[in-house]
Amino acid sequence: MRAAIPILVLSAALALNGCKREQRVFDPGSSGSQVANGVPLNEVHAGGPVSLSDASKYEGSAYAVGEGKRLYEAYNCVGCHAHGGGAIGPALMDSQWIYGSRPEQIYSDIVQGRPNGMPSYAGKIPDYQVWELVAYVRSMSGQLPSDVAPSRSDEMPVKKAEQAQPKEHPADENPQPVQQGRPQ
Amino acid sequence: MAERVDRAVLDVSKLPTVGFGMHSITWWGIMGMMAIEGMVFLLMIASYFYLHSRSVEWPPDRNPPDLFWGTLNLGLFLVSIIPNEWYRRRARKGDLRAVRLGLVILSLFGIANVVVRYFELWHLNTDWSIDAYGSAVWTLMGLHVLHLLTDLIDTLVLTTLFFTTLVEGKRFQDAEENAAYWYFVVGFWVPIYLVIYWAPRWLHA
Amino acid sequence: MITTSVGCQTELTDAERLQAAQLDRVWQEPAGFIGWFKAVHHTTIGRRYFFTALLFFLLAGLLAGAMRLQLAFPEAHFLSNDKYNQIFTMHGSTMMFLFAVPMMFETFSVYLVPLMVGTRNIAFPRLNAYSYYLYAFGGLMFYIAFVCNTGADRGWFSYVPLAGPDYGPGKRPDFWAQLITFTEVSALAVAVETIVTVFRLRAPGMSLNRIPIFVWGQVVVAFMVIFALPGVVLSSTMLLLDRTCSTQFFNPAVGGDVLLFQHLFWWFGHPEVYLIFIPGTAIVSTIVTTFSRRHVFGYLVLVLAMVATGFMAFGLWVHHMFATGIPQIAESYFTAASMMIAIPTGAQIFCWIATMATGKVVLRTPLWWVIGFFFVFVMGGMTGIFVASVPVDLQVHDTYFVVAHFHYVLIGGAVFPLFGAITYWFPKLTGRMMSEKLGQLSFWLFFVGFNVTFFPMHLVGLRGMPRRVYTYPPNMGWTQLNQIESLGYILLFLSVCILLWNMFKSARSGAIAGPNPWNAGTLEWATTSPPPCYNFLHLPTVNGREAIWDATPNQPVVVGLDEDARSFLTTRTLDAEPDGRDEFPSPSIWPFLAAVATSLAFIGSIFTPWGITIGAIPVAITMIAWFWPKRQPAERRRAREIWQSE
Amino acid sequence: MILAAVPGFQGNQTALNPVGPGAAHIEFEFSLIFWITTAVYCIVLLVLVIAVARKRHSFEAMPEPLTTTPESDRIAKRSVGAAMIATVILLFIMLVGSFETSRALGSMNPENALTIDVYGHQWWWEVQYPNDEAYKTVVTANEIHLPVGVPIRIHGTSRDVIHSFWAPNVQGKRDLMPGYETEIMMQIDQPGAWRGQCAEYCGEQHAHMSFYMVAETKDQFAKWLNDQAQSSVSPSTPETARGQQVFLTHACVLCHTIRGTPAGSRVGPDLTHVASRTTIAAGELPNTVGNLGGWILNAQGIKPGCRMPPNQLSGSELQDLLAYLETLK
């Protein structure tokens, strides 16, 4: 099938992030299921026990981000942050990030909790689910490639679908590995 | 040409090479296209009413769309039928000047329709992502825009052909069939116009 | 010798040799690598359709093997649930969209119909090439996606909301939706070509009541395609819009409706079944006629039966949705309609049996496949009555009973006739006969293997095993039956291997066939095997339903077409009296380029709503180039123009 | 009818072993169609075989085609006509049978029926016994207890994608769809646990989404319902007390309800009386301490893709938690 060459070329490109995007890890294994511990992560030793490759593994997988979206409801993040617009808690779909917009920073926000209301989920949510939440939270402000970010949900449309969300530019923005290789 | 003498033959050398309507196979092709696209339109309209049957209020908590631009477009479409029919008939006679003129007029009509359609879309009463009603309305509109543009491009290309290249019988067939297709575009605007602009008014109660 | 008058001459006069050389110059397909993409003759494109569809059949068959392996043991871990869901979806979608329709409809229409109606090419040859490339690219895209772990995994029907934006993460359902777009465009194009070819390009004398039943079948299917496919065009488009443009068609929270998808899908999905097996029945009619050595019994009944099936097919889509809860009255109507469909089918069966009972039956391989068809397809029809009855359907729906039912109908109604057809028309395609011994061996293996694989599915379904489960508990009494089914698969696998080997070997060293090895009656046998690039040296005229059998001793042939151009004769729709002359377009690269542009637009729209809008520009450009006239032929035509007298 | 005699059709998940009027009606129509179609099938193919055998002709040569006339086809014409008439009559019989069955099924809709709400989730069944006094409403999962011989009205819908509620021994299947309310009438006349399973493909774990319909005597049922209405027993031993703390301080509390404790999330099944159920994981595993422990530690290993995350608990934590859960009778 020589006739296929142009398609082959195109789909080769597609293949690159295709496989990663469709990755579905059901059984995260012991490492993933470690309950997130409260190890502080901050500017001083960014990452620490968690590396960015960790983050990109989840931010690259549409399934993980989708799970994050489900957990965002299930664990009632929506109760305070609403659908990203914020209410009791700060908004998540804008460019304002009190404690930083990088994955490992959001990770520690969730695990350690923050003053004035944000509880600590240390010891409750397994590690991999925290990362799924991180990935989804970042997709809310358009930080993720639009072919990974979730589509609209089967509810009252209260905001743009994450995949249609224009990318916000947080003050502390620095290039994230996952943001290369956007399809458009 | 040389034939075996003992072989009975059926000589077709005197048959016409330029025919219109049912005598032209491209005309049949166009009819096939229309059947397919017509079916899409019908099913989309059916879906519109199916969605209506599943909802309490129609259109859901908003007013029916503003009539002006849609009706204006309807008017344009209906008027365009006159030159369309005229050059269609002239094409069958092979009247070059008439067909050239007709194609120019229809191109202008097409452009006008597109412009009006642009304002029409701006003045719709909904967005496609608000609810199922909006999605249905926009899809209906989108389908018709698609056909409008297709025929406009078709007409423009044909016009260029008529002014630049050598015009043979086949071109007149094309012209005649282009006119037929325009009827399809106009013909399906009428039900879609009624569905988009009047159905909400009638079903609003 | 019957074939002398319409059949091709064994000895040519000098004049005819010159004429043949001239026709050959004009109709030759362009040579070389680029030439391959310019080809527009229906035999070339038809062959490509055949081999591509066959390839997809084999791929889907291998996927089935993987599933049988997984299901051979309870709680097996040979496949992960994620992989299994992709595999059964790929199997279903491939078999339906990339094998069954392209093989039973596109391939047979494109390759055989123009030969059978006695013309030189299919109507709109460039569109034909375009449709093939789209089909091939669509299938290729689907499988590349599968290799990239992006195989569709929501079932061949991709119901919402499971395949919708909220529950189908990633791009898997989008690739499914676009596969539909690709294949439906190609099917619709071929449908138009077929109808125009049959209605306008028939040989003089082939009035409606003399059209071969096979051709009738393809025409009925073509019309069904035109009216059914728009349903799935819409449903898959809505799905794509919901997923990429946040439309709300299927979102119950804001007036959307999950059943809308099912209604639209089955508006297409049910006729789909018939447009897969009507060509099958058309093939059966042809083979039964030839191998019973008589005109088929009840020509009119058979034709009307196919037409009736075509109409009724649109009246019973809801019987795939009984379990969703349908109003009593609608329920009764759809039950009745679903049972009534058995009447035309029954009529056809009886007519074939009558034909054989009153003829001289020659038991060659093609007829063996047809007899296999009777045993399998009739069984499928019988179980069809179970699922037609609403109450019973509520029990067997979505269980392995239904899996058994539609494999009996589709493999019985399509694959058995298909393998028969391959054996029957192989000589026409290659000029050589297939091996009778190997042919019968593969038939018996397939027949036994098929029943071993699929009959137990009835039982395991009645024992409560649902469809589309990637595994099952050990204590359900399903294990042994599943293992028997898996063993049956091995037989099927062997049989197909033997069939392929038979084709491969016979194509090289089979016995030389000659123009009409089966001494059959339809026009494709009235030319050399394989046919020349201009199909017929003399365009034939027709004097009966079996053109060759009914030909008068000195049947006239058509003369007077320009031989320096690809000219052809158009005839009137009803009585096929000569009506006009026209000219086929020459080979061109533009259909291929247009197909590439279209594919890019389709695939692009999976990733961004702009895909279509921007992608439309190259499509438009290539299409304009495609239709742009050339000066020199235009001048020639104009010089000879004769205008229709109004 | 005769099929039921075939070994394997006595199971607790087969349409051919009806234990209630619903499935019984259907099984009758099934048998009717079965016998008619079987007979027709045999006759048709017998005729075919005889025809081919009698008219069998030379193998090598393809003889010249026969010339046929209306006269030569007269017998054939008559027999085909007769066959068609027979077909129509038989179809009509089966059609009437089908209508009658539908009517019978439609007519089992008494006022005094006991109503049970069923909600399909990916991939488990939420079951509610509504009660006018809300606090008496019973919420459980994957196990539908009901009294023998009493008509039941199941109100069903889905919380996410389309599922299909199907217990073949009891009644035909019906889809549970988001945005729709489905009503299924049924009745069980034979005590026992009848297995059901989701019959509409619903994603990763469609294969593991079953439930049991437990039919028991009126008194047993009344007692069961009353027990279920109570809120959970408070821990009586230090071990179970620690277990409750484990439950409330780990992931469990984020998804599960135990009435009488702060745990009140509706994401996962209600565990107020988890120990009283015979299975866990939507009917996949018998409810034993071992299975429960394995499920809590790594549900993903048992039901890949299901909503229950793996949990890292120390040995003692797990012991206490299990001890506590075991008390929730």
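We call the chains A, B, C and D, going by the order they appear; numbering starts again at 1 in every chain.
The criterion applied here is as follows: contacts are C-beta pairs under 8 Å (C-beta built on N, C-alpha and C of every residue); 3 or more make two chains touch, one makes a residue touch a chain.
Computed from a predicted structure; not experimentally measured.
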| item | value |
| --- | --- |
| Central chain (by mean CA position) | C |
| Chain located farthest away, centre of chain D as origin (C-alpha) | B |
| By count of C-beta pairs in contact, the leading pair of chains | C-D |
| Computed distance of Cα centres, chain C from chain B, in Å | 31 |
| Rounded Å distance, chain B centre to chain D centre (Cα mean) | 52 |
| Separation of chain C from chain D, taking each centre as the mean of its C-alpha atoms, in whole Å | 37 |
| Distance between chain centroids, defined by C-alpha means - chain A, chain B (Å) | 47 |
| Residues of chain C whose C-beta touches two or more other chains | 80-82, 161, 167, 242, 246, 248, 251-252, 254, 256-257 |
| Per-residue multi-chain contacts in chain B, two or more chains | 129-131 |
| Multi-chain contact residues (two or more partners), chain D | 178, 204, 304-305 |
| Category of the chain touch graph - line, ring, star, complete, other | other |
| Touch relationships between chains, expressed as pairs | A-B, A-C, A-D, B-C, C-D |
| Sites on chain C touched by chain D in the complex | 2, 80-82, 85, 154-155, 159, 161-162, 167, 252, 256-259, 290, 292-295, 297-298, 301, 323-325, 328, 331-332, 335-336, 339-340, 342-343, 346-347, 349-351, 353-354, 356-364, 371, 374-375, 378-379, 382-383, 385-386, 388-399, 459, 462-464, 466-473, 476-477, 517-519, 521, 546, 549 |
| Chain D to chain A touching residues, read off their complex | 178, 204, 249-251, 253-255, 265, 267, 298, 300-301, 304-305, 307, 309-312 |
| Residue numbers on chain A that touch chain D, as the complex places them | 24, 26-28, 30, 32-35, 74-76, 123-126, 129, 154 |
| In the complex with chain A, residue positions of chain B that touch it | 129-131 |
| Touching residues on chain D, where the partner in the complex is chain C | 3, 8-9, 11, 13-16, 23, 25-26, 29-30, 33-34, 37-38, 40-41, 44-45, 47-48, 51-52, 54-59, 62-66, 68, 72-73, 75-77, 79-80, 83-84, 87-88, 91, 94-95, 97-99, 101-102, 105-106, 122, 160-162, 164, 166, 168, 171-175, 177-180, 182, 195, 197-207, 284, 304-305 |
